[in-house]
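Contents: one structure, followed by commentary.
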Amino acid sequence: MNSGEVDLRVSFCGLTLNNPVMPASGCFSYGREMKDFYDLNLLGAVVVKATTLAEREGNPTPRVAETPAGMLNSIGLQNPGVSRVVREELPYLRRVAAVPVIVNVAGTMVEDYVAVVEALNHSADLDAIELNISCPNVKCGGIQFGTDPTMAADMVRTMKCASRYPVIVKLSPNVTSIVDMAQACEKAGADAISLINTLIGMQIDIEKKRPLLGNGIGGLSGPAIKPVALRMVYEVAASVSVPVIGIGGIATGRDAIEFLQAGATAVQVGTANFTDPYVCPRIVDEVRSWCALHEVARVRDLIGAANPRARRVTDG
Amino acid sequence: MNSGEVDLRVSFCGLTLNNPVMPASGCFSYGREMKDFYDLNLLGAVVVKATTLAEREGNPTPRVAETPAGMLNSIGLQNPGVSRVVREELPYLRRVAAVPVIVNVAGTMVEDYVAVVEALNHSADLDAIELNISCPNVKCGGIQFGTDPTMAADMVRTMKCASRYPVIVKLSPNVTSIVDMAQACEKAGADAISLINTLIGMQIDIEKKRPLLGNGIGGLSGPAIKPVALRMVYEVAASVSVPVIGIGGIATGRDAIEFLQAGATAVQVGTANFTDPYVCPRIVDEVRSWCALHEVARVRDLIGAANPRARRVTDG
Amino acid sequence: MPQTEVIAQEAIADGVYRMVFRAPVDLKKNGYAPGQFWHIRVTDSFDFTLRRPLSLCQADLDNNTVTVVYRAQGEGTRRIAAKRPGDALDVLGPLGRGFSVHDGDGRVLLVGGGIGVPPLLELAHQLAAHGIRALAILGFQTASQAVLLDDFAPYAEVIVVTDDGTLGERGRVTDFLQPERLQGVVRYYACGPTPMLKAVKDVLAVRGLPGYLSLEERMGCGIGLCAGCVHKIARDGVVRPLKTCREGPVFPAAEVVFA
Amino acid sequence: MPQTEVIAQEAIADGVYRMVFRAPVDLKKNGYAPGQFWHIRVTDSFDFTLRRPLSLCQADLDNNTVTVVYRAQGEGTRRIAAKRPGDALDVLGPLGRGFSVHDGDGRVLLVGGGIGVPPLLELAHQLAAHGIRALAILGFQTASQAVLLDDFAPYAEVIVVTDDGTLGERGRVTDFLQPERLQGVVRYYACGPTPMLKAVKDVLAVRGLPGYLSLEERMGCGIGLCAGCVHKIARDGVVRPLKTCREGPVFPAAEVVFA
């Protein structure tokens, strides 16, 4: 098969993506920088940095550390606040990229989340929200919602009422049962589930005898966590009927195909953008070539191929 | 300081170790193979493979897979059963190594664990048991004990009654709150806490469109998980008063020192033995040199040095 | 000490390399057997957690060097293939139990499939040294994958088989196990993919021919620590998963239980 | 395209290397400034997730090559130091905002500490090209760590300072900022460890001297994606954590807020 013949489109939440690859929240800023590296229309969609109601300064530095095949971050949701995002960032992104835009939403209390979503309702420059109930880097922050199925469900219900855009719920892996979390969110009306956010980790500066990150703990991401992410995607895809978006350690086309076969309808790429800013379009190319070589005419036929219990979810 | 002057001894559960480094359960078999590589007396202690009541065949192959800076295993507790372990393995190990021996105990139901411990009571060839309530590779197995604080506590209480040896409880990282687990075990009488066992993970063979491991899922170990392990050790050391043994991704002296500074009284080394069979004595040497260079006269002075809330636990 | 060094490295077929390294032990003193393997560390960091098992293909006692022939398929073997003469190499071995040569055998059969062919070369060499005649049926997918044919020639009568007929006979090795070809053969030795081993065992068991199979299981440690590499073996009346890295990789065919 | 290649690599002091590589862009067309940095990928796999930022030390427009001088301290820089001429190198850059040269300045001060010295070399060169005289106070821990002194000589009056007095003056760079030395100096440029930058800023702020500081924060992406590298900057009446990889690493000293 010629690689030009492969149909890479996937769809979820009423959105159709030209391909299943998008940058993950917090690893792409708002697109201003990446557009100097490649045409953003090569992406399936774009997920922007977590947006909170008010501007946030984030955590003290150091905020990043390298770990074996991974990294820790403790950015702590630094962002300009939703009104500047709506005014300055989203319109700009719309101008430079004609692909779906997903806004990651974060906060401390339910009311914060509602206020952010209401502000986003007034913008036409996005296509879905991704509810971040899983950031490990905010002290009394969203993390509780992300570890308790009942709280998560309440939050999702409230968000579904508040938002005029589809609601993707992004899960934390730092739980005993990811399936309980996913099912609670689905029942509460989530339009899709994305996972995983970072694992909580730490590094110690043994010369200074203290944690290396300014915040003490941070979120672990990168290839190191891929096996954990893949297992969770596999389990969740087998337990919910809404589309699942796979995230965690994806750096190559083969990685992306693993997640699709596990049951993900699309994938997000985070840390790998830091290692190689060109990684997203390269993954698209690699997926396309693999499909051509293996005579897979439509990438959506791969969804759940290795997961018999998974519903092969794609709107198309 | 001369490195010969560094006092490497640590103690817990009434045992004194010549140094804080021991191989982790399942990564050292029963010592027969390793003694061809180095003198086992160079180790602080030895932890042997999980022992169950009856002989176990384990899971179908493939049972191991490599992941970025880590590996997955789904051995599934293959072992010859406690009676052969007591008859053939432990006496042999005692003969070749004059260091404390810790037997990892596993099972499916509480009664199994009790029976194993009772069989071990009749042996003089061990010094402590490590209660494995955290193996992800046995289907209806110990894992439930490892994710529910109440069940874990019941199990620990029963074991403490049954065992004439000190009981170290080994925790699973696949939980929402590792601190809840550790505190429940401490309250129930655990003499020490060791952590972490493996994270649950998966890899997919995209050509065959199915999970690579025969068992589907497996346990993730190796340097990849070090940040997660270190964070959990840090949190647990700050929340319990019993000694903590750090495990997860340790491969160098610097890694071991990170865990000591986080609050671990000793460390276990698993996967790194596969990469380099000489790793344990090398870590001992590296810890010794680092201490000498940094004028640390007693390695136990490092315990908890980076964790102000940790009790610096060592019997000595 | 496992630290040794690469002496030579060359591509000998499409994606297939021959690497010579200094043996990490004194081969003469230590001894070794065909079918044993070397466990090779990929890099000197701990990023590649698992070593790669590669079989002994040739041993040079005069120079105390070893040859392995391997396919660079995944990330690890590709890194090994990138090593150059003079580069350090961390090798454990020789490990496991290899093929036994039985003095007094008249004629034996070697069956190799793909990258299972190289381990049979040292065996062919030792058989010849013991005055045992060997028929080697060597199968490859296609001509560009065929390796070591000239090396076998001095020690064995060789039948080459390719799936697509681009070299030698067309077919599978098992198509060439007819009784007339195996006249006088008293034993066989096989190395290759599991389906081939199973087929060879099935065909030759019917004839009552004893033999050895070299099994290929994914290995964790390679030295008996992890129980990752087991295969079901029927021995002394019980079937048990035995560690192929210690008790194998070569087993008497009659003992090997296939699912 | 970021893929380029190493031209030269040599150790120039204890653990300190000078690496020359082909610029990943046309330096003449693209432009560049002293104080900008290159973001270098450690290996071609994703095991090292983060690149390493190294400052421009010298640019050779004729050959379109770049020199960086760096200390191989951790695992990543040690791997970079192991690269040999001809090896591929994945480099992003030149990145960030560098030092501004102000035409019309008469005499300026350069303050460098340790591995903060190299980035000042290209600056010294450009200052000289603009006819601006420079006094360079270059501090090192000890003689064996001192680098590039001969390279500075054509462009600046150099005072060398070592902590232990094994070379030049004994002491810290801040011990040599007396008014009599700084006669005619209208601006300063500093690069080095954070405590040094803070001390230099404190001393020279008192004299009302404007200057630039090159900050060193741990970086994730190096290109503005992650907000990992921020430092508090007072600008337009507000203090905000700005990305040092995009808005810096060089900032007007007056804007830099130290904790």
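Note that the chains are named A, B, C and D in the order they appear, and that numbering of residues resets to 1 at the start of each chain.
Going forward, a residue touches a chain if its C-beta (ideal position, glycine included) is under 8 Å from a C-beta of that chain, and two chains touch if they have at least 3 such contacts.
Only a predicted model underlies this, so the values are computations on that prediction, with no experimental measurement involved.
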**OP:** Determine, using the mean of C-alpha atoms as each chain's centre, which chain is farthest from chain A.
**Re:** C
Subject >> Between chain C and chain B, distance of the C-alpha-averaged centres to the nearest whole Å >> reply: 36
**OP:** Go ahead and note the Å separation of the Cα centroids belonging to chain A and chain C.
**Re:** 46
**OP:** Can you check how far apart chain C and chain D are, centre to centre, with Cα atoms defining each centre and the answer in Å?
**Re:** 55
Original post:
Among the residues of chain A, which are close enough to touch at least two other chains?
Top reply: 67-70, 222-223
Original post:
Using the touch rule from the top of the page, what residues of chain D touch 2 or more other chains?
Top reply: 46-47
Original post:
Which of line, ring, star, complete and other names the graph you get from chains that touch?
Top reply: complete
Subject >> chain A - residues contacting chain C, complex >> reply: 68-69
Original post:
Can you list the residues on chain D that touch chain B in the complex?
Top reply: 46-47
Subject >> chain B residues touching chain C - in the complex, by the definition given at the top >> reply: 26-29, 32-34, 37, 49, 57-58, 61-71, 73, 75, 78, 222-223, 251-252, 271-278
Original post:
Of all residues in chain C, which touch chain D in the complex?
Top reply: 45, 47, 75
Original post:
Within the complex, which stretch of chain C touches chain B?
Top reply: 2, 41, 46-51, 76, 90, 92, 217-231, 240-241, 246
